[in-house]
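Down below are the structures I want you to see.
In what comes next, chain A is part of two complexes: it sits with chain B in the first one and with chain C in the second one.
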Partner chain A sequence: MFKYYITRFAMLIPKLMVISIIVFIGIQMIPGDPVTRTISPEVYAHLSPVQLNELRQELGLNDSMVVQYLRWLSGLLRGDFGYSLVTGGKISGIIASRLPATFELAFVSLIFATILGLLFGFISAIKKNTIIDYTNTVLGMIGISVPPFFFGLLAILLFSIYLRWFPTGGRMGYGHVTFFARLKYLVLPAFILGISLIATLMKFTRGSMLDVLSKEYIKVARSKGLSEIKVNLKHGFRNALIPIMVVLVMRIPMLVGGTVIIETVFNYPGMGSLMVSSISGSDMPVVMIGTFIMTSSVLLASFFVDVFAAIIDPRIRFGTDAGGGNGK
Partner chain B sequence: MGSKNRVKSSLMRRNLHKLLSNRLALVGLGIVLLLVVLSAFAPLFTKYDPSFIDVSQRLQKPSMEHLLGTDNVGRDLFARLLYGGRVSIFIGIVSALIAAAVGIIIGSVSGYFGGKIDMVLLYISEIVMSFPSMILVLVLVGFLGQGILNLIIIFTVVGWPSTYRIIRSRILSLREELFVESCRASGIGGASIMFNHLLPNALGPVVVIITLSTGGYVLAEAGLSFIGLGVASSVPTWGNIINAARNLRIMQNFPALWVAPGVAISLFSLGLSFFGDGLRDVFDPEE
Partner chain C sequence: MNEEIILKVENLQTKFRVGKRIVHAVNDVSFELKKGTMLGIVGESGCGKSVTAHSIMKLLPKNGSITGGKVKYYDNNGKAHILNEYDRNSKELRTIRGKEISMIFQDPLASLDPVYTIGSQISENLREHENISKKEAFDRVVSMLFELGFSNPEERYYDYPHNFSGGMKQRVMIAIAMICNPNILIADEPTTALDVTIQAQILTLMSKMQKTHGTSTILITHNMGIVAETCDEVAVIYMGRIVEFGNLEQIFNTPMHPYTKALLKSVPVLSSGGEKRLEYIPGATPDGSEVIKGCAFADRCKHTMEICRTKQPVESIVDGSHRVLCWLYDKGGKNA
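The block that comes next holds the complex of A and B.
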């Protein structure tokens, strides 16, 4: 069983390497003197051209690209991300203050959306072709089609300005250190970030459930005299989950990408709004590192969902153990 | 030849019938066509210039003179919506078409040659798809800059893999079919098999992708313009109109300024979803 997880994890590494190479090439393409990105701007301002040249030699900027890449990579792994062009601060410090916020937002949203998406899809499937099913389907289409920032603006107007239930934006007020104190800041952005995921999961859960419910073993379960709830949940839903997990993995990048817009709408200080402000300010080193961090988090998150899928469905992990028969 | 054409047209007629009997798909198509016509022939529907600033007319409520009112510098909102739709829809459709064309070309190469070329191309598509697409779009905006043409290039770079993968897998599976073998047996050349026999059979799902991704790109353009990184703010697009109204006072007191473009974007993409789903039912019954 562990062999499966280790193989899955090992498959991540070449991908991460390629992504790091792309990010490195991206950083090389940033216009301007690369020296400014490895030392702080105050130091740079006080250096003479001769000193700069020495520094360049010392920093290895005259070395071959491969050597420079490996050096950059080892710095990256040690948490040395270089300096921001705009603030002059260490990028690692900026990321450290932003990453937990986005993690919190995306994680809450993922859990929220998964539960609601599965629930609505399940209801739609067992109430197939009723008014409830049709309403769910149309709401699902609306959820996919309406731009998230428009939902965000509508929600701010309704829930924050008129009803005053939630703050209009931000991540925490003064002294809100615990997760639960911050929860009211999280409700609107997390829900709106998850809307399109809810809609997608609902659609696939419905389809997958209907597929499973038409199988022979469901008829057997019914004919044994099991209660309808037990048939639907234990025999139907559990088997319907596997294809849904695949969809979930495929949608995680969209969820994380969605933070860019949602964090901007709600002035939420996370990675997404950092990317936007860095691009507006032409702070490309921060943008490239942000891209690397977000892309690798997405790959890791997908890995964890895969692991979770293997836990609920033994067929997945035994498939690989038996020599990759039905592995992807 | 004659019999082949007849078979084709009867399949087409059956598909068309299936599509026309799907009411939701027709409603979707109707909404999309309405918005396309309104934008394409904007000068017929409004007498205002979308960029004409008339400060004496600022923040007018909707009236007969200004159907949806005016914005904070006195530009007619209805005119801006129509002309804005031109840009937004243009970016959406052109990006979807070019991304699909690129996907078809690379997918055919991949499926036709197979082997190492296929492996490399497949890997490239996997790498592109492992980036969250919004993040990749942002990075590319950072390097290429804003603007209509750049957005189309960027959406193409980010969007080709979905068509590529479908075309590739279809061609790989079609290659094994009997009719291909019979083509080969009757001496038809490789390129002709590829373009005359394989590709047409693989195109159905691409129509669905183009329809749905047009909506996706309209949403993406709107999102980017909304955060100020899409089309330059001087050009009206649906996203830019909302971006210009992003201010608590305007949001609360002049809701038409941001609700109207929001509704336009939503309707357009909802129409495409309805229509795209109908097309999907016609083209891939398995799904």
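The block that comes next holds the complex of A and C.
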């Protein structure tokens, strides 16, 4: 069982390597003097061409690509991401101010959407072909097909401008340092970001539940005299969850990608809005590092979902070979 | 032999709704199960055996319902429960299911929940019905597994179903069904999905359990050979009707219904492996969605008379408990 988690974790490393190589190549292709990306622009402006050349030598910019890549990678691992072309600030500093915001948004949205999606799907399945089920299905279709920025604008109009329940955007007011104080800034963007995930999960949960409920072991559970709630939850839902985990893993990148739009709509100071402003300001180093960080988080999140999937499915934990008593 | 009746099924009728079509799966099934005996229900596949079993426990899918007849169960205090009148998930029915009447299903490979250990699936039944500690439940499950031939039951308790072979899974199913020491066990083709060698082993085990625990048992099968080896009484079912009912000697020595005779000619021999093909019965089994005016077997019968095609046969008592549903034996003449 432990071995499974270790292997899964080890599999992250080659994936991260590939992404880092792509990002490195991307950075190399940025036009302009690469020296500007390793020292602050103020220092750069005061250097003579000779000094610059010495610096280039010193910084290893004349070394082979492989050496440069390895050096860049080790810097990356130590949190040295280079400098922004636009503000001249350290990228690590910029990221440090933005990443927690996006993490908060994506995490809250993920949890929230997962709970709602599973709940609605479950209800739809056990109330199959009733008005509740049909309503869920129609709402789900709308949730999947309408673009999130539209929902975002609609929500701002209704809940922020008209009803005044929530702020129109931003992340925190003065002194709002605790999570709960920030929560009112989070509700709308997190919900809007999660809508398509809710709809997708609902659809898959319904299908997966119906599939499981037609299984023979459900009839066996009923034949034991268990209540419907126990049958549906303990035997139905628990088994239905396994394929849904796969869907969840596949949807996490879309959720993280969705932050780009949602953060822009809600003027939320996270990685997504940073990416948008960096792209429009041609701040390529920031774009590259931002991409790297977001991709890595997606990989890491998928790893955790895999771990969870193994916890709920003994066949994954113990390997799928049937027969033979290779117990624990 | 004890003559006390524990389960009585009277004119049971079960239908399914498939889109706009109605499937008449069980048309008229009546039989009684005597305490401590084993009753075989035999018939070709598709004739309504499983539906009969599911109807008794009200485990029918949502599109199926009992539209007529009665299922009477007499509990230990002699109280009669009309099972078909209980709501499908009512408390009354749930206290009987698993505890007093339990069931073994056709497909052991699909009958166990893949995400729970086999031990917890057995003790789940026990702990649902008896107020006992985890430890006591564990001990009961372990001794049941031992009785069913698992050599290291304490370890097996923690195994998951995917580690088990078909025969082992079916033994676990027997454990689930027997753990509460039920009054009635309904086994729906418990060996059909298993290898021939394992079949004999499971049947022997079931007979042994039935004798040591005194469980009244209904054994559903399409195999007359199995009936001959294990049952006390036999109900022959065709197109959702019991066409002949009698004890083992009556059915095997003096079969009356042409269908029973045909079934008997196809007795597969268990030990030699493989089944002989059923003696060719001409014609196909009719589809349950059309209502047949006369005898459902008329098109395939060698002795078809005019009346067979126009009127549903009435039951004739041959002798004592032996009864048959066929115009050939209608002593009273035109009594339909």
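Everything that follows uses one rule, which is that the second predicted complex is superposed on the first by the 319 of 328 C-alpha atoms of A that agree within 3 Å, B and C clash if a C-alpha of one lies under 4 Å from a C-alpha of the other, contacts with A are read in each partner's own complex, and residues count from 1 in each chain.
The rule is short, and it goes like this: a contact is a pair of C-beta atoms (placed from the backbone, for glycine too) under 8 Å apart; a residue touches a chain by one contact, two chains touch by 3 or more.
In this text the structure is predicted, and so the values were computed from the model without any measurement.
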item: Which of chain B and chain C A:I22 touches, first, second, both or neither; value: first
item: Superposition-derived comparison: chain B or chain C, residues of chain A touched; value: B
item: Partner chain(s) touched by A:G257 [first = chain B, second = chain C, both, neither]; value: first
item: Chain B versus chain C as contact partner of A:L299, first or second or both or neither; value: first
item: Which superposed partner A:R78 touches (first chain B, second chain C, both, neither); value: neither
item: Shared contact residues on chain A - chain B and chain C; value: none
item: Contact set on chain A toward chain C in their complex; value: 215-217, 219-228, 235, 238-239, 242, 312-315, 318, 320-328
item: For the chain A and chain B complex, residues of the former touching the latter; value: 15, 18-19, 22, 26, 29, 141-142, 144-150, 153-154, 156-157, 161, 168, 253-254, 256-258, 260-261, 264, 275-276, 278-280, 282, 284, 287-288, 290-291, 294-295, 298-299
item: Chain B residues within the chain A interface of the complex; value: 126-127, 129-136, 138-139, 141-143, 215, 219, 222-223, 226-229, 242, 246, 248, 251-252, 255, 258, 262, 265-266, 269-270, 272-274, 277
item: Chain C to chain A touching residues, read off their complex; value: 57, 59, 89, 93-99, 102-103, 105, 107, 110-115, 124-125, 128-129, 155, 158-160, 162-165, 173, 176
